[in-house]
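Presented sequentially are two complexes of chain A, the first with chain B as partner and the second with chain C.
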Partner chain A sequence: MAVPQPAARPSRVEVTASLASAAPLARGEWLDRHARWLFIAPAVVMILIFSIFPLVASLLIAFSRVRLRAGTYSMTFVGFGNFEKQLVGSEQVHFLGQLTAFSPPAWVVVIAVAALLLWWLVGYARTQLTVIGLLGRLVTAAMLMALTLMLAATLLSGGQIGTLGVTLFYVFVGCAVQFLIGLGLALLCSQITRGRAFFRVVFFLPLMITPIGIGYIFRMMADTGKGPFATLWQWAGLGGFSWSADPWAARLIIVVADSWQWIPFIFVVLLAALESVPRDLVEAGEVDGASSWQIFREITWPEIAPVAATVMLIRVIEAFKLVDLPNIMTAGGPGTATESLTLHAFFAWRSLDLGQAAAVSYLLLFVTVVLCVSFFNLVVLRRRAAMAR
Partner chain B sequence: MSIAPRPAVHRRWLEPARIGAMSPLGGIVAYGLLGLWAAFVLFPLYWVVVTSLKLPVDVNTGPYFLPWVDFVPNLHAWRGLLVDDAGPTFRAYLNSIIIAFSSTVLCVLIGSMAAYALARIEYRPRLVSILIFVLALVGACVAVGVAGIDWRVATAVALALFVLLARALGRRFPGAVHNGDILFWIISQRILPPVVTIIPIYMMFQSVRLLDTHLALILAYTVVNLPIVVWLMYDFFTKIPIDLEESAQLDGASRFLIFFDIVLPLARPGLAATTLLVLILAWNEYVLALFLSTSRAQTMPILVAAMNAGEKGILWWTMSVVIIIMILPVILMALILQRFIARGVLLGAVKG
Partner chain C sequence: MRNRTLAGGLLGGAAIAVALAVATPVRADKPYDGVTINLLTRPGPVIAGRLEERGREFTEMTGAKVEVATVPFADLFQKVLTDWSTGTNSIDVSVLSSGWVVELYDAGLLADLSDFVAKDDKLKVDDIAPYFREFNQKVDGKTVAITVDGDFQMMYYRTDVLGELGMAPPRTWDDYLAIAKAAHGKDMNGDGEPDYGSCMFKKRNAQGYYAIMSLAAQFVQSKGTSQGIFFNTDDMTPMVNNEAWAKAFEIYKATTEFGPPDELNHDIGDTRALVLAGRCAMALDWGDIGPLSIDETSSKIKDKVGAVIMPGTTRVLDWETGKLVDCTAEICPHAIDGVNHAPFAAFGGWTGVINAKADPKVIEATYAFLSYMNQPEQSNIDVTIGWTGYNPYRISQFENVEPWVEAGFSREFAENYLKAIGDSLNSPNMAGDLRIPGTQRYQGIVLDRELARMLAGEVTIEQALQNIHEGWEEITEEFGREEQLKLYRASLGLGAS
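Our next item is the complex of A and B:
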């Protein structure tokens, strides 16, 4: 690799020398000679300045107390202080939720999840063991166990969930609903012959709409007094019910609004995948008398699974960032019942507590990265490998 | 009694007439469910349009559905926002247009150049250089943040150290990363929740007095959407046959000429779809604008969100007008370009 370098040196000197004499021609030559770096440099430099540097700086902020003064700021190193406050200190109820003693169902769930994870790890260790593979799986299992413990101590034991639990609710419940409905609609749409273009256009519309706008639209839709379904609500005896005062109703409405926007994305991609499934395979199955469920399970699903896994990865990544809908629809309320982690960090920032804001966002980053990388390695890559085989 | 044996009624409904078709009952169910979903998608949009034509009294006294039947449509909300109170709306609209379009152009240009380079040129940056760079960066951040050294001095020292050490150690440790790793690194930036990076970005813009300017938002939006452009365009460039470029190279064309005159025109469908996607994301962006703009550079989403805080509660009729004028340009462009998006791009990229 280092061999051609001495030969290349003199030519560069020549170019810089000629740059001074014959400007226009030489500049073109210079550009061409350095094209390999000029092409990629803008993107890399932008990411370094606006993404990597802030990432490092943010970590530094998360470990310090920041005081803003007129035009300047001072930082004091406080170690894990900010994280301690979120995880075990005064902010624990806000971040993790109200931790209570485990109830019997919580014990059942915790033991079941622990047994499942152990079984999975032992199964992996018996078949193909590599150091990195095992370490990665241990991290995944530890994260899943920690999240289970958190949910068991709050939700399953009758306590309130904190912003972490709310974010997980948006991500897992929201994405599951969106995937099922999106897949169902795509399957239906791939079956029909007439009007497919119409449904494709109509179903695509919500993706174009500002999330802010969607927040307001669904506030109107869900209004039990003046909304379009007011008569329906009154008939059901819920005329005076205000969903924004009930934690679960508020979370549910936010998930409905989020799904309204994102189901189209999953639908469009899965429909395209379904359309590229070889027609003759499906027809051969039909001739052999396979039921539609068998055709789906044996032929269609393996073909679209890699696409489905990737599209869900994208969706999960974006779902972790959810902030506009809760901010518009409930401003995080009632209390902090609908506050996502991003919103939590924003509120901390707005009260000028930069250290807490950075700590919360780093905890969000940590959870997101562990879960998304696990999903990528354990589901997406495996589906692609299965496809390639 | 019957002469020819006819299939039983339930079989006629439940079984397809021929292979590859649906049974009649299945057809009814499929169209029924799809129609139901279409209604679920379209009704909220219809409601917004109808609400924008209502007088306050029509909104407050209960749900009215049909203009001219239930209530008399009135353009007062439209007039109020676009004529009487045009100043703030118009300015935010203009801000949104400037910021969204500039950042889209910049992002697509930078992103597709990087994607093309990664698809065609081999890069092998040394692992040890990257390590030194990260260490220098951390050192500079600590020096500025904790020790209070001027950021220009810290940056210069860190860069000088990086160049020196990378030169010295580069020969000794030949381990390198490849194009695939660089691509993955760029795409993985999308996992970053914006809220993690926004606080330092805020302080950075504050120290160079760029807060609440168009430039700050344009740069921030460009970086956030860069991974998407690189990801989608990389896929397109790898599908373009390389022969054309090779023959152009033999004729003495430079990389820039090849890229702008041959490759980009060939990738036009992908370029169109990517542009539209990035434009929608930039147009609708909320979090970054919330942090980085206060008044002068305020974009439409921020203006809309601020309408929440009125004393009289939400003026639903005005809100509906704002939502409509925000949606219209995007829908117009999407209808023109939807063919590209629906088919090629997303699927190709997602297949990996």
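Our next item is the complex of A and C:
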């Protein structure tokens, strides 16, 4: 009986000859070998076309003055001119606000924030110093200090805030309100056993409405003279008051409308997180006689904190881009009191001042990236690490 | 079997094609059959509504289909400029502000309509008032636009309210404020609610900034139309940081005290609704209030409204010092009874311009449509209907009061209304709107923003004027000072400096 022998390994010459005679096989092999590149190529091409190219093109525009002509356009390189215009030039008041000399409370805040940031940096340097870590923290500290100086020279010293300050108001005040109410609703809903699905749907509905529609609805409802609550406003003595003519009332109404839209998002995510908190942990706390507040602080909150941090990160990024509500409700007015940075860029773009629009967009991107990356590294990742431990 | 089915299908298709060809022959009396005109303008019914209606008539007559699309006013110029300059060319014609025409022409985007106009007897071009014919429609001596609306801002007042107060219509802005103060808080429409002494639309990013130019013109310009109100005609320096504009800002802000509480968020539609509801003693607006006031389905002020030329002033700008000085016969040569009036051709009127890159047949059909809109047979009716948004711009529209009476005007109000516009149009001191590249940025961005900030108390009047001065200088530098100066002087009827 003949024992089958393993086939002898073909020589390189034989392989080449074989490939030459069997081209389809070679193509198949080549495809196999490069499959990973071929599979990823469409995604890479799409990203290059729709993300990287616009990013690079808008960066070029941010350093240029663009003028449209018949069938063509002209671009003149202006260096940092468009950025200078925002920070120290004719658009400074619009972008940063009306900068004034520091008032005593402003000095107190500036010194306190500077001391806190210094203490934070020194603390980091003494414990776990790395070059990248230190650089990142220096950028974060510089950004926070710059924003503090800007707010101290405007808001805290009797000056007017610019579109950057208005955007920060929408982000920090709006997101804080939305988080607190969203968490509260989620906690309430997690307590009930019947009708939870109903409330989940009801609370989720505002998120499905287009922001343009929400803008018009709230503009109408807040109208103290002609709106559906006009009688109520008049009864409350507010018939002669116009929210749209008062800077802070106008900003507040926009935050209310924005919150009405986004609280459902926070509510639904946090409700899911609350439902996933292990029941036995809570019951163990109850058996040990812990109060509701203690159970929330020691058991529930640590469990949902990573989800809460992530949902707030998403929300903050979205809030930095707020544009539809102020555009519809006030067109940025009264004055520029409700104009967000995105609306600022949009108005510049609409007037075909493309260089300025791109510069404002990049400044917004810079602020958003620094604040959100800092939040992610210093809050979200730490929470996740704590959970892992 | 398969071949038979295929042959059957082909035969059937051919039969349908022949049937369609027989059923829809190209008719000789419809010269533009198969042509589609894509038109872009502001949302209706104002302006766009009548274009749609007349478009259907035009289709019936010529076969050309008129597709009217709309975008918000603040987006209109940018849409047209980007569509035409990037070669998208999805728009064949746009009906827009005549103030934007120069920039579109300067970018080489407009079709020259001079030859069409020269051969067009129905247009009756000599009947178009000289300002609209020579300034609105022409650039560099070429006709590149067709007017469909003539615009001047005027002052409207309630005849019954002023009668009760024993006050005459305002001749100056001091009069205006005095009347507004006296009337404010009175019930003017019998609903038991206190009403307003003055109504103006002051919303940002809308058309509110035209009112401040109407107001400033009175104080800035006293020597005739060629003086202008925006720039020094020698070096293009903005003529805005001076006592005249400061006074205009001051008065504009003062009127807010006698207006509705949310006036800063009022667009033109909000203000007109209040005026028609009988809630305003006085209002500043284009010619629209006149025809709108006679529509009893929406108006409570029929036969209770009067119109006058924009109130003027007895103190005007000394261009050398930037200070206000008293009018004298030398300083205010066109003053009426010692009061300088400079009626402002705010916006200049809605005007049709055609894309130079459109198909020649489409250009021809589009011109024919714009001509149809402009011809006296149509426009003399359209201007008498309030909701169309079209105001008179033809001499025959001012001279013949009958169409206005037929439309529902009382003879007295028709004469009063036409006199107010006629006084403005015929004034040797009429102030023209800005017609140079960047107009939308000078006015719609910089002036509008600083005006809104001043009204909101974010900046003082001095700061606002300084910011406007700087902003305008930047725009002038961007577009090129010499080129801008040349075009600005041309827009005022001046030659090279």
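Note that in this section the second predicted complex is superposed on the first by the 351 of 389 C-alpha atoms of A that agree within 3 Å, B and C clash if a C-alpha of one lies under 4 Å from a C-alpha of the other, contacts with A are read in each partner's own complex, and residues count from 1 in each chain.
By our rule, a residue touches a chain if its C-beta (ideal position, glycine included) is under 8 Å from a C-beta of that chain, and two chains touch if they have at least 3 such contacts.
Keep in mind that this is a model prediction, so the values were computed, not measured.
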| said: With both complexes superposed on chain A, which partner does A:Q294 reach: first (chain B), second (chain C), both or neither? | reply: neither
| request: Determine, under the contact definition given at the top, whether A:S242 touches first (chain B), second (chain C), both, or neither. | output: second
| task | Tell me which partner A:F218 touches in the superposition: chain B (first), chain C (second), both or neither. | result | first
| query | Of the two partner chains, chain B (first) and chain C (second), which one does A:T336 touch, if any: first, second, both, or neither? | reply | second
| Taking the superposition as given, does A:Y73 touch the first partner, chain B, the second, chain C, both, or neither? | both
| request: Going by the touch definition up top, name the partner, chain B or chain C, that contacts more of chain A. | output: B
| query | Where on chain A do chain B and chain C both make contact? | reply | 71, 73, 331, 349
| query | Which chain C residues qualify as touching chain A in the complex? | reply | 74-75, 78, 81-82, 84-87, 107-109, 203-206, 260-265, 356-357, 440-441, 444-445, 449, 452-459, 463, 467, 470-471, 474, 478
| For the chain B and chain A complex, residues of the former touching the latter | 19-22, 26-27, 30-31, 33-34, 37-38, 40-45, 47-48, 51, 59-60, 62-63, 65, 110-111, 113-114, 116-118, 121, 123-124, 134, 137-138, 141-142, 145-146, 148, 171, 174, 182, 186, 189-201, 203-204, 206, 219-220, 222-223, 226, 230, 254-256, 259, 280, 283-284, 286-287, 290-291, 300-301, 304-305, 308, 314, 316, 319, 322-323, 326-327, 330-331, 334-335, 338, 341-343, 346-347, 350-352
| remark: Note: in the complex, chain A contacts chain B through residues 1-2, 28, 31-32, 35-36, 39-40, 42-44, 46-47, 50-58, 60-61, 64, 71, 73-75, 77, 181, 184-185, 188-189, 191-193, 195, 199-213, 216-221, 226-231, 260, 264, 268-269, 271-273, 276, 279, 282-283, 286-287, 306-307, 310-311, 314, 317, 320-321, 323-324, 327-328, 331, 341-342, 345-346, 349, 354, 357-358, 361-362, 364-365, 368-369, 372, 380, 384
| remark: Contacts from chain A onto chain C in the complex sit at residues 65, 68-73, 85, 90, 93-94, 98, 160, 223-225, 240-245, 247, 330-337, 347-353
